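Input: structures, listed below.
Two complexes come next, and they have one chain in common, subunit A, joined by subunit B in the first and subunit C in the second.
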Partner chain A sequence: MARITLERIVKRYGKNVALDGLDLDIQDNEFFVLFGPAGAGKTTLLKTIAGVEFPQEGLIKIGDEIVNHVEPMYRNVSMVFENYALYPHLNVYDNIASPMRSKLYRQDEATIHQQVERVTKMMKIDHLWERRPSQLSNGQRQRVAIGRCLVRSPNVFLMDEPLAHLDAKLRHFMRGELKEMQSSFNSTTIYVTHDYMEAMSLADRIAVLNYGKIEQLGTSLEMYYTPCNEFVARLFGEPEINIFPGEVEEENGCLGVRALGQQELMPIEEDAAQVLREKEVRQVDVGIRGNDISFSFTPREGSMAGTVYANEPIGNKVVMTVDIHGTHLSLVAPNDTQARIDQPVYIRLNMKNAIFFDGQTQEYITRSQAQSHICSKGMPISERG
Partner chain B sequence: MAQLVLKNLYKRYDNQKKSLFRKKKPPNDYAVKNLSFSCHDGEFIGILGPSGCGKSTTLRMIAGLEEFTAGNAYIGDIRINDLKPKDRNIGLAFEDYALYPPLTVYENLAFNMRAKGKSNEEIKKAVNYVAPLLKVDDLLDMKPPALSGGQKQRVNIARAIVRRPGLLLLDEPLSHLDGKMRQTLRHEIKRMHHEIKCTTIIVTHDQMEAMSLADRIVIMKDGELQQMGTPLEVYDNPANEFVAGFIGEPPMNLLRSTIVTAGRGFLFTFADSDLRVEVPERYDSLIHDGMEVTLGVRPVDVRVAKKETAGSFVPIAFYENLGDERRIGVRVGSMLLNMATPDAVYFERGQMVQLEFKAEKTHLFHPGTGERIR
Partner chain C sequence: MSQQTQLLDSSQNRKTMLILEDFGRNLGLTFYALFALFPLVWMVICSLKADAEMYNTVFVFTPTLDNYKAVLLGTDYFKAFFQNLVVSGGAVLLTVVAGVPAAYALARYDFKKKEDVAFQILSFKFAPEIMVILPVFLIFQKIGLYDTYFGLIWVYQLITMPLLIWVVRGYFEDISVEVEQAAQLDGYRWFDVFFKTLVPLIKPGLVASGLLAFIFAWNSFTFPLVLSGFNIQTITITSLRYIASDTVHYGQVAVAALIAVLPEITARLFIQKHLVRGLSFGAVKG
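Showing the complex of A and B:
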């Protein structure tokens, strides 16, 4: 259990800068997720904390101790690797017991037995003690790898994409299992992933990494509702958020956005308009999620005319992509929606949930607070209207 | 007219090499077993299944790259069993692009037609027609090494359709591409098909891809046809447990259950779990006390009950807010039962709730055979 502090970490591989002056403060007992596209520097950062890679500049602190020059084994960290890295010649019991049989962290066999029993019960693999890794399914191997990590009480657990190698179905279930076990981890955890659902589900806080820098640091709901720029906005949510350029104009004392070749201005909620006025922004990019676009096949008041570019049933919903004067917007429709390609369709944007970005810098400007996005507590699931 | 009919197709790969030690190897199992289906002219068919299910073998047999062990195939009215691949009027595009690296994109597209001795005029006309369909009209002077993966695959598909084949076969064309590119190309393949209306068969292991592209899906497992239907049919009415588990994301909850009588109705009970959930009334005539079933219900079709039910209270095992939707899990013995809802709700871990299944969206399967009980 420890707080982990990184100060201005720089890591270069030859000419490539993998970590570019990174600052990070991870709280004691926090479940912290490093999230970003391939090559963003996630795994490098994890290895730097583990001590497998040494940064050229900056300080790494575990607890209050500077550990830049402490060997990995003395840092008291515990790591799960993407490819599990189990000992193929040892059975499940011995694999999980192995960290407690190392020279440095040796325990007596009675304690080992007790601890192995505890984690295998937790991971629901207590019936597999005698099996070798080759006799296990992928999901079970992955649980053994996590179990081996959890069996000690280190300063910090480091997990490098532990679910990435599982197929999609198993990943769903394992994420649930991990989420359920989370509260019994009892230590600081740093978890690397490129799957936004894993990040949102598990994290107390997320750091979005890109090109070795932190784009945004915050909770999963902050990432989803108030992303700091268009890059972060595009990373969270399925289908990807729609972003289109527009111009802020005033009409009859109200601010609106002129976009998508429409005659009418798109309304802007008063509180968001206030911010846009103060900052005197004219060029904006409007971000709107697929859930906030409604459609019909007959014209309605205030709707925009377009054509169906693609209509993709994916089971519990249909993702319809609509072409409006050359811009494609994806929206979520009920799962029995049928549409022909190039058929006319009329859509309406729920501008209350629009996110406004600066048209030049693509940085976040504002969104309306009119619709609360915090889930109401304890409310039973109600039918969707 | 390119209507494709497969009748009782079998394929077995023989162990060609004779063993030195004359050990008699048992014959291989059939890679494709008694496969029959037909598709209409202009239809888009997806063949879907896990690796090793025989889907690529089927495609290769249609293309003429593999011989038939038994069975017949017809394109239009012509039996194609003994036709050479080049005489079957088929366009083929594989996962790896197999473009000619020293030739420009234009020459790559023109290659087949040159080989057939078509005039330059004809070739130009054909290339200029397909190039914009797959958005490769700006790339015609470039050579393959300069292209990205997505562009290569576009050229590859364009080359397959440039001769206007009666049947277009695509073998995992999107597997090499990353997420965004995959989605774009998916849209473009669908639009290309809409434009040229050529009967198309795509082989894929990605259920999302099959669902979003195909008019009808053929689902295979161990060489056998499991179900054929529109995306909505296979999603809403899976023929068996395998199809139910394979189609849909998040995956369907599949739980072993024993049915018991309770008062006027029935309850689902589960091994090692106190969970009790009411059986929807529509099953009353099909079930009896003590019956073993596999219960299948999609995460979106389970919800936390608003009114008190005859079922039991269970604690919430996890709650996650994914922005677009909320996922909630409860523990059922060693399994997790997942729920998904687009509504803005919040639950504490450990909070006691009752569950409710949407009656028309629950499926019962025979625990031995996996067949649907209906």
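Showing the complex of A and C:
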């Protein structure tokens, strides 16, 4: 039940800057995901909000109250730590009961029992009450840590990679459970992850963090369809987005991209071409996702010739990497695709879905907005220039 | 059929092997126990011998309690015993009260020259006592700490504190900071976090190094020899008194020594289970 505002937060460890003048406004009841590579400052940001780390500069507000000098215990936040941080000398039951036995949040033993039962059932660890943390597997420890966090109802839940060590099936289940709980619990959640699927499926909004700064802030679809630069584009999606350099040229009054050593220009959609013309960009990086590349083993009109570099079946799909004049493009193929290494293959790019980045700054320039899947959902992608 | 007997045979063999192994191990340990306990046994024997029989008998002699009478009733042995207890107990108490926070600070906080400070503390243990004893003696004379309880307790910190700080520091370092932070977020004040979460986790190390500190203090000889006089006499100094200028009353020395090791042995037996675990660093597991 709290809105969280961070203003120009700076946190240094010695000479290393962990958070570099960060501004963030997290709405009440929002499920907010912090996403980014290792060392981006995600955990530091969580700990700063929790009050166990202190920023050198900036203001932290929880529900409009400045909490820079409020002790962690009085901030009424609940956190799942990445390394679990369970109490080694207590068993599972006492670990989970711990928040309800402190002076501040004390409950009577009957309530404690009921609550511990509730969360352990949900986490499927109700048969492990008597175990010490050292007698648990990592996945079980993680569930105890989540249980200890969920057992009370704080203003804010802070979760630092809470599902990272669970097996795939349980992770999937827990993802749904967390989302469900969030909506019924009425409290703000800040969630750190480096799994883009987790980020996209859970988040109301995502902030992509890198070097202690926010690269982009927005919804999952904005991240996926209009990433603000190549870094963000590469973070979302599997296989990773293909980005290759090209030159914008004009031919018969139409703009196209010359790239990948091809004779023909790759067409650019009219609305995107308009933006490129206005900005007079010549060097672009073209980003195209694996499912926007079609392939065949026989030449077709407008296709590019290449060779199969790798062919990896991953269950419900096959990721094929194609070598075109030394550039590798990954594409998504149906799961029964068979291919030999170095076999010739012909691919066609769906340039309607191409994303154009500035060749020098690697910043987002434009993409065609003709695609129905964005507009039909009414995502405000035109706000970005 | 023959295969079955073979199987039975082999399992029979294995059983015999196991029994032999057990037997061998116990035999070896028995020999070691005899070897390790022999000095104590020898001391008990000596304490029961009269001075006249000291040199010309080994195991066969007329036992007498004269030595015990002479030491326990004839001298102020109990006073020394008690004073030693006060000094050593006080020293350990001060070591724990001051050493645990110091260890926590060294483990958790980053400050300039931290490692130098830590090493300096450890180096107190390296320095021979005899090296610092003269200046300490002169200083104690000046500031009136000579021959006082507090003076001895204070100077004993040189031998009791370093080990405790280093062992307990290792324990604190093994506890992840997040455990403390989690406890704070659970709604505990730092004071509660310390006593409810940290103390149980460092307990094995604390108990083990506390006991060793007690033994160091109890056995200390040089400091009380120089820094105490008539008021305070520790047991190590008192035991010397039975070595007279003309004769050595070995029987009485044996009695004094035998009673002097009693507290150490009792304490050790009580906390045996902590002792080994406590000193093997890194016993905390998450």
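Observations on the structure shown:
The rule is short, and it goes like this: the second predicted complex is superposed on the first by the 313 of 385 C-alpha atoms of A that agree within 3 Å, B and C clash if a C-alpha of one lies under 4 Å from a C-alpha of the other, contacts with A are read in each partner's own complex, and residues count from 1 in each chain.
By our rule, a residue touches a chain if its C-beta (ideal position, glycine included) is under 8 Å from a C-beta of that chain, and two chains touch if they have at least 3 such contacts.
The model shown is predicted, which means the values in this text are computed figures rather than measured ones.
In the superposition on chain A, A:Pro99 makes contact with subunit C only, while subunit B stays out of contact range.
Applying the stated contact rule after C-alpha superposition, one finds that A:Ile341 touches subunit B and leaves subunit C untouched. By the touch criterion stated above, A:Ile314 is placed in contact with subunit B alone, subunit C being left untouched. Within the superposed three-chain model, A:Gly176 lies in touch with subunit B and out of touch with subunit C [touch as defined at top].
Legend: residue contacts after superposition of the two complexes on their common chain; A:Ala85 is shown touching subunit C, with no touch to subunit B. Between subunit B and subunit C, it is B that contacts the larger number of residues in subunit A. When the shared chain is aligned, subunit B comes close enough to touch A:Met200, but subunit C does not.
By the touch criterion stated above, A:Pro72 is placed in contact with subunit C alone, subunit B being left untouched.
In the superposition on chain A, A:Gln114 contacts neither subunit B nor subunit C. Comparing the two complexes, no residue of subunit A contacts subunit B in one case and subunit C in the other.
Subunit A meets subunit B in the complex at residues 124, 168-169, 172-173, 175-177, 179-180, 182-183, 197, 200-202, 220-221, 224-225, 236-238, 240, 289-291, 309-310, 312-316, 319, 321, 332, 335-336, 341-342, 373-382, 384.
Against subunit A, in their complex, subunit B makes its touches with residues 180, 186-187, 190-191, 194, 207-208, 211-213, 231-232, 235, 245, 247-251, 298, 300, 303-306, 317-318, 320-324, 326-327, 329, 331, 334, 336, 338-349, 351, 353.
By the touch criterion given at the top, residues 175-176, 178-179, 181-189, 192, 197, 200-201, 284-286 of subunit C touch subunit A in their complex. Within the complex, the subunit A residues that touch subunit C are 47, 50-52, 71-73, 75, 77-79, 81-89, 98-99, 102-105, 133-134, 141, 148.
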